[in-house]
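What follows is subunit A paired twice: with subunit B in the first complex and subunit C in the second.
After this line comes the complex of A and B, so read on.
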């Protein structure tokens, strides 16, 4: 009976894995869609070179803030650590951004 | 689900219209042989509007976040299978006085 005691602080907490996977997928869809839209806007606006990449990271920062708001600022309720909501998907979306950016750059030339 | 998709489609349509307007603007500049650096102001406003709408749709449409904590209210396992092995019908409750006025203490 005494063996069913409290959890020591070294134990890894058990999380609902399928909910975590669903949340991470949801972030990934959001960031991919926003990368594509950001690429289209950057191409139409006529950004070239470094300005375009700065615009992309600006879009990603706004997306991070939006995702934080979506999780009602209690990140640990929905994810296992902060880096998931802030960093995950940023560099994967970069490729999509560059693709749509270069494909729409010709609108102005 | 419906409103998010509608906003996203509207944002996409606004961006497509802005792209078309920019291409036409460039054609006009080719005729007048002027230099260009950026699209006209109303196209930029259109781009910003389309961007804002698409960003809102991009954050709202994917499934809402589900709690990962094992002990939160919505993650409780409350339904047990109806397994006859664990149902006991012959117990000492039969010997208790059957008082219909008894209420469950909550």
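After this line comes the complex of A and C, so read on.
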């Protein structure tokens, strides 16, 4: 991740659009990867019903924490706001998660 | 997974399924009903009592399905709702379908890469380049507006956006003309058509293939319960109202794959894969290449609404903060 810019004390945000885009993209990739792997794991462990979704959101929370650690706990240096690190790509990955969860539940039963 | 008790006569279990039979039988409910059975603790028991509890299509299980009525087993009604999917369905429907979808996605990516016309290498239209540069200049002004005084900003803004000869101002008739020219440009149309073809043709073919080979299967069971409203979506192709909604027909499995594999494609093919192209096209407002009149107008609007706020008066305080922070360290 490249620093997209720093936000100075009050109101002068300095952002570098290219770096921000690349950072957001890397978030998207890691989330997609995690949702696929998470779907496979949920299927293999035989989660059904709500447990699986809780598992998914747990994974996404862990991913958020990982991203936070990766950005050295200063999110605004790398992203324009907090929602990027918390919810970016979470719902896009849900479809992949459900697909791989379903297929691996069925493959192993 | 129980072994196949309600199979067609003399079809060996884990061998290649009899494709001609699958293809020829038109009645989808016939296939699906003969392919699934209730859970039975005894693997080779026949499901006769359970099937009599269910609806009409299920009772039409043909006589070729080898039933052994001797070992009839009384089922509770709730248990009759649970279905066990044959492992052969998994091996010959679920996995092939997914693999084919992935491979077709990869193939489509490379085909569209091949078909991409080498237009960017030819010298671009100077007018387009000029307009593109203009948009970039205006954007730079917008993002750095707070670093220049209000008067300077105003002067630049007028230079770009005034209604008489502002650079970003496009007269209405000219905008229409530009749009018309874009639509009549044969190269543009060709490009768009190629892109559309590389999207639509594989999808149509795959859908036809799925319909042809796998119509009417209950292919999978999604591991979470859903409400009745999802029946039309997930059990597309089988008309059974008694089956639980979480059972997915093969046609719906195709759709699930179509949407769910998008993430996988972006991982294995990199960012500019074929599915992303569709999104890009939509973002551009329905046209390949950028529409100069539209981007100029959008840039003008965003320049018009910007609130100018000069940063210099606050700079001293900001510098003080920074220095204090440095001293603390």
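By definition in this document, the second predicted complex is superposed on the first by the 94 of 109 C-alpha atoms of A that agree within 3 Å, B and C clash if a C-alpha of one lies under 4 Å from a C-alpha of the other, contacts with A are read in each partner's own complex, and residues count from 1 in each chain.
In this section, contacts are C-beta pairs under 8 Å (C-beta built on N, C-alpha and C of every residue); 3 or more make two chains touch, one makes a residue touch a chain.
As the structure is a prediction and not an experimental result, all values here were calculated from the model.
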Clash or fit (per the criteria above) of subunit B with subunit C on subunit A: fit
Partner chain in contact with A:19 - subunit B first, subunit C second, else both or neither: first
First (subunit B), second (subunit C), both or neither touched by A:52: second
Subunit B versus subunit C as contact partner of A:68, first or second or both or neither: neither
Partner chain in contact with A:100 - subunit B first, subunit C second, else both or neither: second
Partner chain(s) touched by A:41 [first = subunit B, second = subunit C, both, neither]: first
Touching partner for A:92 - first (subunit B), second (subunit C), both, neither: second
First, second, both or neither for A:33, with subunit B first and subunit C second: both
Minimum distance between Cα atoms of subunit B and subunit C in the superposition (Å): 6
Shared subunit A surface residues [contacts with subunit B and with subunit C]: 25, 29, 33, 107, 109
List of subunit A residues in touch with subunit B within their complex: 13-16, 19-20, 22-23, 25-27, 29-30, 33-34, 37-38, 40-41, 44-46, 59, 62-63, 66-67, 70-71, 77-80, 104, 107-109
Subunit B - residues contacting subunit A, complex: 11-12, 15, 18-19, 22-23, 26, 36-39, 43-44, 47, 50-51, 54-55, 57-60, 62-70, 72, 75
Of subunit A, residues touching subunit C in the complex: 8-12, 25, 28-29, 32-33, 35-36, 42-43, 47-50, 52-53, 92-93, 95-96, 98-103, 105-107, 109
Complex contacts: residues of subunit C adjacent to subunit A: 1, 85, 90, 94-95, 98, 146, 220-225, 248, 256-257, 259-264, 266-267, 271, 309, 311, 314, 317-318, 321-322
